[in-house]
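Each of the next two complexes has chain A plus one more chain, namely chain B in the first and chain C in the second.
What follows is the complex of A and B.
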């Protein structure tokens, strides 16, 4: 909507005195009236996405400066998306390069197969990674994910990709030791390609449309596979109705992981203390916006739960019952604000009462990942987002 | 493990024990500290969840190897 009229007020608005807000409103009311009564320019017709070939420096170091100036880069070195490299990534799909996979917020950028492949080329990804990225882009465009808010919020959230099924070992997507860390090409470049697509096609440029106050390091790349081989339970995609032999990607609008170190507990009843204690925090969006916090259990912690006879549903239920925040741990201003957003859980309650880390135990997500060691992680979300699982085309 | 390597370098006999999943890490550390053939002992992973009795049994089982390594040294 290029004709949409905008009026700006001085930042900030959140948490200011109502008198100040009134003064700010008084200051802009004339401009609001003018904008409402002026005849807007007619909307421009949306043009079909067409790939444009540009000339870039052949020298790989000079190409970095070029890519940064064009806004194509995440700051780390990128590889030139030459027509040959993009064609190699598309492979047999090359004739379908103009196929539209999704429209991505906030720019309503059209993610054609070719545009997706060009960003895989920038990220250093391989042809085999394309189906995973395409499925992830479909998932991100699902309205339940709320991509426009995820892309433009001041919150640090970014898509976390969880890959399930046989494609993960086939592509070498790490589910074991250091699964959320460095050192595995597939994890690094698949997550990075998704980020570059969100920036270059979705149009979320840092500090401009992407207004993250701080962001977090997962915004470079945030991708792992579930360690299905070492999980005592059904994996995430099976829990969501897909077949075990199917491959899927799940996207979550996630914060950075917070580690849960527990070397001492040897039973489920004991282990739940550290997990619930780490998950129950006052600064998380999930506590008042109803998101789906993710518990990533290291295989040894998962084994401890299973050896105590707990199902995955038991783990979710007990963490939810125990990960509680007393209302007097929230400031009076936040209690009032959260009471407007979620009156059922925050209005008319005693200060000594507690709220759970999210709205229901079914909203908690549990996966198994990582290698040897007694660590797990809690990954909160943006809150106003639902994770989406999509099958990866063979 | 690094403590064991440094003790050996200071001529104090040592016996390092790691769980088997950390063997590759132990060998890499030995190479980095200039003792690529450094001898150390392995026991099955994991140990953190073992009961006191199970841990005692593990210790009893590996004790002869510890004594042997301490007496025989790294040569």
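What follows is the complex of A and C.
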């Protein structure tokens, strides 16, 4: 709604004396009255639902400047989305390029197969990556994910893509050593293509609609596969009712990972200390907005739990029981604010009482990923978001 | 300098852009709704704007609704629309 009548109030508003907030109202009220009493200009006509072609410098270095100026790029070099490259990515789906996969907030951008493929072309992705990206876009548009808020918040969150099933090894999506790091094309370009679609089609331009205060490095690309081969338990997609032979992608509105180093513990009972201690923090959205924090267990840590006879549900339950924050660790202002947002858990409680890292043990997600070594990770979320799992078309 | 023809990665936008409501010439007697998104000081700012609309432009009455968090959808939106002629909303940090 670019034609909405907006009156901007100077930042900041939160954390200032209410007298100053009232003074800001005094400073804008004449413009509010004007916006409410003068007829606005009519909206510009919507763009026609056809593929748009543009011309750009053929020189690869000049093309980078062009892509940055057009807002197409994430800052890293991009490849030109020529009709030939886009057609190659679409392959047999080329005749269906106008099919609409989703409408993406906040721009209400129409993610057709062709627009999606153009972003794969920009990202350097391959035809085989298309079904994963398409499934991820379907998942991101699910209302439970709350894409509009994720795209526009000041919080540092971005979709984390977790790929399960046989497509992951087939495409070379890394689930092993350095699974959340660099060096594997499929992880890099699938996650990047999704980010570019959110920026270009969804219209979340950094510093503009994307209001992230800091952001995080996963906003370049944030994609891994679960290490199903080395997990002692059923993988995430099977836990959610899909078949083991199906391939799925799960999207989470995630912060950056925080490491859990534990080289000493040799039993489940011991290992849970470091995991719960790392997960229980005062600055997390999950603690008062009710998200689904993710525990990424390295295979050696997962094996330690399994050797102690713990199921995945046991791991979730005990971390949830132990990952607690005493209310007196929150500031009085935050206790009051969280009491408004989540009265059940924060209002009328004693300071010595504790809250868990999320609303219930079932909200805690656990996957196994990574290679040799005794590290795991806690990945908090935006809070007001639910992860969504979608099957990847064959 | 040679040029390439490219497919725009921006795609198109949903076509149902709606025109805004026609404005009244003045605000006398209009029902003012406040949709507070629960951000700190949102209610303070918006309530003061509403107070000034009443004082300076004869608007009123004023009704307050609150969302349970800025990132939650406004489930009360139909009630807000039915109970207001103009609505003040939108606050960040």
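Structural remarks
In this section, the second predicted complex is superposed on the first by the 383 of 394 C-alpha atoms of A that agree within 3 Å, B and C clash if a C-alpha of one lies under 4 Å from a C-alpha of the other, contacts with A are read in each partner's own complex, and residues count from 1 in each chain.
The rule is simple: a contact is a pair of C-beta atoms (placed from the backbone, for glycine too) under 8 Å apart; a residue touches a chain by one contact, two chains touch by 3 or more.
This one's a predicted model, so the numbers in the text were calculated from it and none came from an experiment.
By the touch criterion defined above, A:33 lies against chain C but remains apart from chain B after alignment on the C-alpha atoms of chain A. In the superposed pair of complexes, A:82 makes contact with chain C only, with no contact to chain B.
Number of chain A residues touched is higher for C, counting chain B against chain C. In the superposition on chain A, A:304 contacts chain B only, with no contact to chain C.
In the overlay built on the shared chain, the residue A:270 is in contact with neither chain B nor chain C. In the superposed model, A:201 makes contact with chain C only, not with chain B. No residue of chain A touches both chain B in one complex and chain C in the other. Of all the residues in chain A, the ones that touch chain B in their complex are 263-264, 266, 300, 303-304, 307, 371-372, 374. Of all residues in chain C, those touching chain A in their complex are 1-20, 22-27, 38-42, 44-46, 48-49, 51-53, 56-57, 68-73, 86, 88, 90-93.
Residues 19, 21-22, 45-46, 48-51 of chain B touch chain A in their complex. The residues of chain A lying in touch with chain C in their complex are 1, 3-6, 9, 11-16, 18, 21-22, 24-26, 28-29, 32-33, 36-40, 42-59, 62-63, 72, 80-83, 86, 103, 107-112, 114-115, 118-119, 121-122, 146, 149, 153-154, 196-197, 200-201, 203, 211, 289, 337, 340-341, 382-384.
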